[in-house]
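As structure tokens, here come the structures.
First chain A sits with chain B, and in the next complex the same chain sits with chain C.
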Partner chain A sequence: MKRFIVRRIISGILTVLVVFTLNFALVKSAPGDPITSLMGKETDDPVLREALMEKWGLDQPVPVQYFNYLKNALTGDLGTSIIYNRPVNDMIGERMMATILLGLTSLIIAFVLGTLLGIFCARRDGSILDNTLSTISYATDAMPSFWLGLMLIILFATKLDIFPSQGMYNVRAGYTGLQYVLDVLYHLALPCITLVLITMSGYFRITKSSILQVTNEDFITTMRATGMSERKIFNKYIFRNAILPTVTMLGISIAFLVTGVSLIEIVFSWPGIGSMTLTAINQRDYPTLMGVYLVMNVSVVVVMIITDVLYAILDPRIRYD
Partner chain B sequence: MEHLLTVKDLNVTYVNKNRRVMAVRNVNMAVDKGDSLGIVGESGSGKSTLAMALLRLHPKGTEITGQALFEGKDLLAITKEEMNELRWVKIAVVFQKAMNALSPVHRISEQIEDIYRVHCPKASAEEIKTRTLELLKLVNLPERVYNLYPHEMSGGMLQRVAIAISLLHHPQLLIFDEATTALDVVTQGQILKEILEMEKTLATTRIMITHDMSVVATTCNKVAVMYAGELMEFGMVKDVLTHPHHPYTQGLQGSFPSLKGDNKKLVSIPGFLPDLSKECKGCVFAPRCSHATERCHKEKPPMVKTGEAGGAACWLCIGGEENGK
Partner chain C sequence: MKAKRFIAMLLSLVMCFALMAGCGGNNTSGNNTGGNNTSGNNTSGNNSGTSDDSSSTGPDSLVVRINGDPKSFNPTLISDDNLYKAAQNMYHRLTCLDASKQVIPDAAESWDVSDDALTITFHLKDGIKWWDGEALDAEDVKYTFDYVKEHPETYFSSSMDIVDSIEIVDPLTVVFHMNTADVSFVARLGWYGTFILPEHVFNNGQSWADNPASTTPMGSGPYKFESYTQGSNITLVANEDYVDGAPKIKKLIFSIIPDDATAMQALLNGEVDWIETVPTAYVDQLLNDDNFRMVLDEYPSPYRIIFNVNADIVSDPAVRQAIALCINREEISEKVYGGIMPPEYSAYPSVVSWCANTTDTYPKQDIEAAKQVLEDAGYTQDENGYYVTGITWDVFEGMQDMANLIIASCKEAGIGIEMILSEYNAWSDKVGQQRNFMMESQGGFMGPDPAALATRFGSGSNSNYAGWSNEEFDRLCAEAAATGDTEKRAELYREAQKLIVEELPGINVVGYASYTVMTGNLKDMPCDGVGQWSWSDCSHAYYE
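Entry: the complex of A and B
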């Protein structure tokens, strides 16, 4: 087990390095540059351009830029945003909380609700309720998240005026303490509902089909033949075998948490990483963009390692070596 | 003499939205204490359905009529709780696919503890282990098996574990549902030998469901031949296998090679199983039978006595008009 974890960590570090390099190459090879965004459309002063290039180190050869960035990144310094002239670490730090709040809240709700409904419907396979929920799950799965978000805005914000359509808190009110928390939750409702509706169907269907499949396995018949109670069979043998694919899916979802919520952040003007990334892409803000990519990259790898280890603990058939 | 298990007019019908498949029809049979009954038949003949119905492990929506008296209690009529009390203590079963007979993510020891505690909730882990190791020795498995996961064992080992588990509570009736079918001939031979060895010390009654005549020939004293959900012939193994009365039994025999004697050409029975969702007026085997007369197609033959303890459902056996060639 120890060796398995060490090996997964080493391969994880290598993955991060490779992706880091690819990201650097990709960002560099994209047309346009941050200096143009910085100077504006009208001004094109070669002297100013040169001075700015020198200031941001863009005049140096690409390999030198790469190693300088790598060296800084290894010490935890992601550099300074060319457009905003602020440390990228701070910018990501501020925005990360908003993204995690939205992403993790909706993920947990979707996971718990989806799994419970999946278990519920698996035990009533073929009932009207099961058929209804299954149909709805196909529909929500096929919906584009941004479209659903817009529809919910039209219905709940514009028409019914129950929830705010954008932002994370009321900027004018300047709430503090409990009032601020409640205000954030109030703003969280619509984007969170959108994400839950979109992601829940996956957990619902994977749990349901997994339970149905395990229920028909021969070892469940064996357990029934021994006279074991249905409750014990379900709680111990069916559940433990059926949970495996759900764990894999949860791991993938957590890993892609940041990327998954980007579109919704933009639709609801949620001040998270997603909307910041979009701006950074448009302005060719290399340090910010690279910083965001690196954080996503590391988080994907870390969560995948955790999922792998967890899976190896849950399923003895996975070989450690 | 009181039979251990008496099956009376058993009918099992799988009900689907628009189809009713009559998988087992009007089966009567009796098993005495100490018997080893082989139920043979080709795939789809209803032999496993029969076993599942006796164990009440049939899928939802299955219609069962008739009686299955076990020690005076009707297995098909008693409550779920009463049935659960009988399970594994009185009647245990070993299934066809040993590879899937145990949960892949739990250790053998954990599963055995759970199974043992179904009927002895207060049994200590020590006690269960001692009992299991005893049984593992009986089926020639090393003690270390106890702490393994199913995927760490071979098919033969798993089959032996399944047999050991079935013996946990000294059941009176043991049902082997195609238990050795998935194994290679050598392992199958070994396990069959072990079963026979075991039975010298344990007083169990065994029902062996198989499509392999040779398994019946080596391990059973009685045999029941099923075809398309109906009982064709039954009797002592030595009688039925040497002098089969029913043309179907004869056909089955002709399709197995003989170790001794001449190299006879193997004969297969032409045709296929009939559609079990349709009512059949005459003898179910008539369409494939080379001796079938007009009467066979129109009227169902009754079970008639053949020899001392046997019977065959065939018009040809009625009135001494025997057909054993």
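Entry: the complex of A and C
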């Protein structure tokens, strides 16, 4: 097992390096540059362009830029945003908690609700409720998240006046302490509901189909023949086998937390990493983009390693070496 | 029991996240100079903590929508649309532009231009103070513009090439000695990258980019910086010691809302009070809603077509003339811009009426005349009815509907044009940097002075994407820039526009206009201060 873990970590590091290099190449090969964004749309002054290119080291050969960035990244320094002239570490740090709050809260709710409903419907396969929920799950799965978000804003904020339409807190009021926490939760509601509706259907369907599949396995039929109670069969044998794909999906979702909430952050003006990333793409802010990609890259690899190791521990049939 | 415990744990987890976010949520860009904790100055009549934002609407706060985070808090370092509104409430320039985009006094209450236009003397307004109580004087003006001139990475640096030196006559009088006569310089001082910075704060050996005052501003305007939360808002509070009296609205908040549709919903819900540029889809609804006031804002920034006069096919003036004859401006204005953007027939925006040439204008649509022009130039129709094919038109997102209508009209006249649609950065790289195009469309400010004609079409100018060169045009523009006689300037610029219309390096299609919307009972907003206060100065605003 120890050898397995070491091998997974080494391959994880190699993956991070390869993806880092690919990201750098992709970001640099996109047409345009951050200096155009920095200068604004109202000037084409070549002297200003040259001075800014030199200031930000963009006049150096691309390999030099790559190794400089790699060297800094290895020491934990993600560089300075060209557009905002601020350390990328600080920018990510300030926004990370907003993304985790929105992403993780909605993920946990979607996972719990989706799984429970999946189990519920699997045990009542073919019922009216099952058919209704399955249809709804296809519908929400097919909806673009930004569209659903806007529809919920129009319905719950504008028409019904139940929730605020955007932002993370009431900017006029300047609440502090518990009032501020409650205000954040109040503003969290709509984006969270949107994300839950979008992501829950995945957990619902995978849980349901997985349970149905295990239920039809021969060993379950054998257990039923032995006279074991349905409750015990389900709790001890069906559920534990069927939950594995759902847990895998949860792991992947956690790894892709940032990308998953990007559009929702834009629609709800939620000040997280996702909206910062989309802005950085539009502005070609290389250091910010590389920083965010690196954080995402490392988090995906770490979660995948943990998932692999957990699998090996939880399922005695899995032996990678 | 287990289920209850689980739900309790889940709620606790969410609460923990919220608390953690709460601890990290009020980050400012640095040490807060404002220092005024206004949490006690709650504008809401309802302190329930979970009240809707709309319940907080009151006379003490004005929430303005901005599209994104500011690049810095030093508005003289770089141009920054996201900071521009806040900057106009925190700093002074020598001159500024009002809502009609005309030059009015700011820190300089008056100025004199010598007969040869080589000496410009600014008389500063007495009593302007930085937020720390120091006086804003000629030293600050000289320091700011000397630094700009010496540092090419600052936005206005190249514009300072025509300034030889800056002389302080007394604390309230400063003279710019020019090496080239250009009366438009006064107008340009009222635009981007020209805000006066405090010498006593910035002149400490650090570059502006590294100076903490570029992230934690020290201004002289009617509002003081209080806080900035990345991705969320910039909050300013009233400067009670302001030279013209304290602003009536005590808190000015710039709320960062990237998405247009969300911003409009926030307005309808009372979370935002002022939005510039209302999307066309919302105009009718808001015009019929008594809760809001809509004001049409016209800019000298026409949407236009630029021809690369050195490129194949369109280097032929006959082809450019034929395309000009295909454009139906009224149809474009109505179908694409809901009638808000007016047809533009003048070479310089007709909204600037004192110098726009409304006599020698671009032609109205005439498809038969377009065909005739091509036939007279020796073009013949191919089997598909085309006289000319192979023209490409580089368009960035947002301009494609206008381009599609023109391309359809051109097809009727036997001119084949293919649109190349790109995202703005890709367009800018290909068109702006590489100049690799035949036709392109662009917007962009042609103010604050008609001298912008020389910038956009003058020989050798970097913003002359057409690559057009006309000695007579250059002479007329140079002569106009060197005289302070407005009548004479207007006459010269009208002559210059005639040359553009004749040779067609570019064609204006529609003038830029958009609605600005604000809460209905807001009075004396920036749009109400033509001739009196700047384009985004909110210090006069109040709720009726």
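Operating definition for what follows: the second predicted complex is superposed on the first by the 314 of 321 C-alpha atoms of A that agree within 3 Å, B and C clash if a C-alpha of one lies under 4 Å from a C-alpha of the other, contacts with A are read in each partner's own complex, and residues count from 1 in each chain.
We adopt the following convention: contacts are C-beta pairs under 8 Å (C-beta built on N, C-alpha and C of every residue); 3 or more make two chains touch, one makes a residue touch a chain.
Because the structure is predicted, anything quoted here is derived from the model rather than measured.
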| item | value |
| --- | --- |
| Which of chain B and chain C A:F219 touches, first, second, both or neither | first |
| Per-residue touch tally on chain A - higher for chain B or for chain C | C |
| Partner chain in contact with A:K232 - chain B first, chain C second, else both or neither | first |
| Touched partner set for A:T176, first chain B, second chain C, both or neither | second |
| First, second, both or neither for A:I100, with chain B first and chain C second | second |
| Intersection of the chain A residues that touch chain B with those that touch chain C | none |
| Of chain B, residues touching chain A in the complex | 55, 57, 83-89, 92-93, 95-97, 100-107, 114-115, 118-119, 149, 151, 162 |
| Complex contact set, residues of chain A against chain C | 30-33, 36-48, 50-52, 55, 83-86, 91, 93-95, 97-98, 100-101, 104-105, 108-109, 112, 150, 153-154, 157-158, 161, 163-176, 178-186, 188, 266-272, 275-276, 279, 282, 284 |
| Of all residues in chain C, those that touch chain A in their complex | 10, 13-15, 17-22, 24-25, 27, 29, 38-39, 41-44, 47, 49-54, 56-58, 61, 63, 68-69, 71-72, 78-81, 151-155, 157-158, 192, 209, 214-215, 229-233, 235, 251, 253, 255-259, 261-263, 265-266, 268-269, 271, 422-426, 428-430, 432-433, 444-445, 462-463 |
| Complex contact set, residues of chain A against chain B | 217-219, 221-229, 232, 236-237, 240-241, 244, 314-317 |
